[in-house]
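Next, two complexes with chain A in common: one pairs it with chain B, the other with chain C.
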Partner chain A sequence: MAIDRQKVLETVYASIEMINEDREDKESRLELKEETRLVGRQSKLDSLKFVGLIIDIEQRLADELDIEISLTDEKAMSQARSPFRNVQSLVDYICSLEV
Partner chain B sequence: MSIQWLLDKMKSFSDKEAIIWKTNRYTYKQLLDRVDYWKTTLRDNGVSGGQVVAIEGDFSPNACALLMSLVDNGNIIVPLSSTLPAKQKSEFISVAETQVKYSIDSTDNFKFEALKTKTTNPLIRNLQSINEPGLILFSSGSTGKNKAALHNFTKLLNKYKTTRPAYRTLIFLLFDHIGGINTLFHSLSNGGCLILISERDPEAVCKAIQDYQVELLPTSPTFLNLLLMSEQYKYFDLSSLKIISYGTEPMPESTLKRVHEILPDIRLLQTYGLSELGILRSKSRSSDSLWVKIGGEDYQTRVVDDILHIKTDMAMLGYLNAPSPFDEEGWFNTEDRVEVDGEYFRILGRKTDIINVGGQKVYPAEVESVLLELEGITDVTVTGESNPILGQIVVARVNLAKEEKLTDLKKRIRDFCKSRLNPYKIPQKIEIAHDNQYTARFKRMRR
Partner chain C sequence: METGEEVMIITGTRKGIGKYLAEYYISKGYTVFGCSRGEPTIKLDAYEHFCLDVADEPAVAKMVRSIYKKRKRIDVLINNAGAASMNHVLLTPLSSVEAMFRTNVYGTFLFSREVAKCMANNKHGRIVNLVTIAIPLKLEGESVYVASKSAVERFTQVLAKELASFNITCNSVGPTPVSTDLIRSVPEEKIQKILDSLMIKRLGTFEDISNVIDFFIAKSSAYITGQTIYLGGG
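Here is the complex of A and B:
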């Protein structure tokens, strides 16, 4: 079954908004755009927040889109290009998975 | 003069680089001048031998020089990392019966404060009576209470009298961690160069390796996972790096293998140490193996019911705020479950239910007790779930008084926990349970 990319993108944005809710300082919020970095120094997420984001995305994908996947399994971690670079690469990676 | 031998050794390295801090390079001679400066300052501030002195800060030229001057002056030292939450810091200061506090800020300026504390703890009093310097390190206890381990600093430093290879080493572990203290004294006693950093993200670390030709990086499995994910190793020249040593939490095998694949010329070595016992000498079977020989001349090991026990003269004197953990013969139960193959051990993790989030320990009972205070939660079980990035994450399985949407519940829990728990203790994953979470004996089920 093909995955609706737009819906996945919206799900990822919903999870990012959850992270943003906890941040009073506007500067520290993540922008809702595909170029937003998720790991590395240009990212505004530390490792705890990053893992929290990924888990929230997994839970929302399962609850709202019925997509049951693990984003931190061996496969995701061993991609030649890390799927966690930014929003775009993550959404593409989710869509590339067979469900 | 308990560390005259160390100061003499350092003197012999005179113009060699000792530390690099914020692009500034300090030779051994300059560092020793700092030590002398601190000797005078301690005298001017009226800090006498035997007093308990806290140093609040991170690794910096003044923090390192002050630490050495205090050992030389016979003080009992409490290093406190600037990353500690304020409440914990004040608790540590009080448990250690701190009498003097030096706070060193990020620009290496310091503040002196004399506290009106009298030492009453028998272990501290005993160390004072024999005029030996001490070191107090905090580790987590079984109820989530931090235990204060008191060491005789002279004894702890004795092992550095043996000359060993020195490298250009990046200090990754913190100032109040046994691993950080070990890196500091190993390097200074062998003429190595220490690269002190204030940021510890993959990019900052890779940049420092490139800029200062770092040869040895002591770090944690969690950092190595982040390094792999961030791919920062692609953008910097890491060719100076010879050894990565890792410890503080169990290493996921897949992480080790990937690091080895990506950086095949770098030796990957596992270390093993505890705040109570110091760092043991260790030797990994190979770069992609989790089997490790641990011990060395000062440490005896034995395995009882798959649990590693260690006996050593290097051990702490005891806890300031908990009963002695040693048995009559002096053995210490590490509570680490191990597999044995000849001389090699494989460390499987803690036998108890402690959750290890990126090297930080979380006790389920503490998180459960906070969550149970939240309105509408009738029962909760907190467990660890393995996670390739952080090692483990905290999962809470809750029973609710009435139905609630998961996203709403998650938000309530986050808001509630924010002021009550360190960030790493806040459950990352929430599950709603519809059944009872205890056995017929009314024991909590941890699946």
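Here is the complex of A and C:
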């Protein structure tokens, strides 16, 4: 089944918005754009928030798009090579998975 | 007594300890979702069964997600499914090692990972893993079983650290031999030798095990995590 990239992107943005809702300080919010960093020093997420984001994305993909996947990867927490390093790489990674 | 809203997942519920725990917690008011490779043996309204191998990643994820989708909560996970095989290390085939690690370690890992995602969403959960008295007793003839259950015990302790901020507790209970299929093939004198090495020299009962699990999953045990309780004073 081919995955609709735009829908996946919107799902990821919805999860980011959920994280942003808890952040009153505008500076600490994540921008809704593909270049936004998710892991590493330039990310505004600590490791716990990052895990929470990934869990929320998985749930939304299952509930809203009927895509049942586990977002796991050996390089998950690597800054340079992680498929989760920014929104774009995460969306591409999700679309590359066999469903 | 629970309200019927509380959801519990128990692996390996077709017989032995798992079957007892499922029936016991249903009697306490839980809705229990169980699994095994074989057909279910429990027929109660508050019970639903999934036929799967606990080391089958897609099947485990599908089971957990379908439960969470339907009930919007998973309060307790008991990783009970276990495989044991007694043998001298020099006579143990690799296939036995693989089979034991698949059920005991991979199964516990997969259920813990998938269920913890749901629990993290609800910022609440209790995970209890079944290990064995054979770990502290370092029983000869059970090297691979002990190795796999030691892996589960240490995994549980690190899991407890990683999940603490989500308000999820993770603990282990280490039963002594109980009269189940798992020890059916163990010679009587071997069982007696194990019992002799315990402080309390008798076989364990199902109630001994549920008593410890009751403690771990109690609302008042929110400050108890990363612990192992061995029965019988092993």
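One rule holds in what follows: the second predicted complex is superposed on the first by the 91 of 99 C-alpha atoms of A that agree within 3 Å, B and C clash if a C-alpha of one lies under 4 Å from a C-alpha of the other, contacts with A are read in each partner's own complex, and residues count from 1 in each chain.
Keep in mind that, in the parts below, contacts are C-beta pairs under 8 Å (C-beta built on N, C-alpha and C of every residue); 3 or more make two chains touch, one makes a residue touch a chain.
For clarity, every value in this text was computed on a predicted model and none was experimentally measured.
Label the relationship between chain B and chain C on chain A in the superposed model as either fit or clash.
Partners clash after overlay.
Between chain B and chain C, which one contacts more residues of chain A in the superposed model?
On the superposition, B touches more of the residues of chain A.
Touching A:K26, do we find chain B (first), chain C (second), both, or neither?
It touches nothing on chain B or chain C.
Between chain B (first) and chain C (second), which, if any, makes contact with A:G40: first, second, both or neither?
First partner only, chain B.
Have a look at where A:A62 lands relative to chain B and chain C in the superposition and call it first, second, both or neither.
In the superposed model, A:A62 contacts chain C only, not chain B.
Examine A:S78 and indicate which partner it touches, taking first as chain B and second as chain C; both and neither are also allowed.
first
Going by the clash criterion at the top, which of the stretches 37-45, 55-63, 73-81 or 199-207 from chain C hits chain B after superposition?
Here chain C runs into chain B along 73-81, and the other listed stretches stay clear.
Could you list which residues of chain A make contact with chain B in one structure and with chain C in the other?
Overlap of chain B and chain C footprints on chain A: residues 48, 51-52, 55-56, 59, 63.
What part of chain B is in contact with chain A in the complex they form?
So the residues of chain B in touch with chain A come to 201-204, 222, 226, 228-232, 254, 258, 357-358, 387-390, 393, 406-407, 410-411, 414, 418, 423-424, 428-429.
Across the complex, what residues on chain C touch chain A?
The contact residues of chain C facing chain A are 57-58, 61-62, 65, 69, 113-114, 117, 120-121, 165.
Chain B touches which residues of chain A in the complex?
Against chain B, chain A makes touches at 18, 21-22, 39-41, 47-48, 50-52, 54-56, 59-60, 63, 72-74, 77-78, 82, 84-85.
Spell out the residues on chain A that touch chain C in their complex, using ranges where they run on.
Chain A reaches chain C through residues 48, 51-52, 55-56, 58-59, 62-63, 68, 70.
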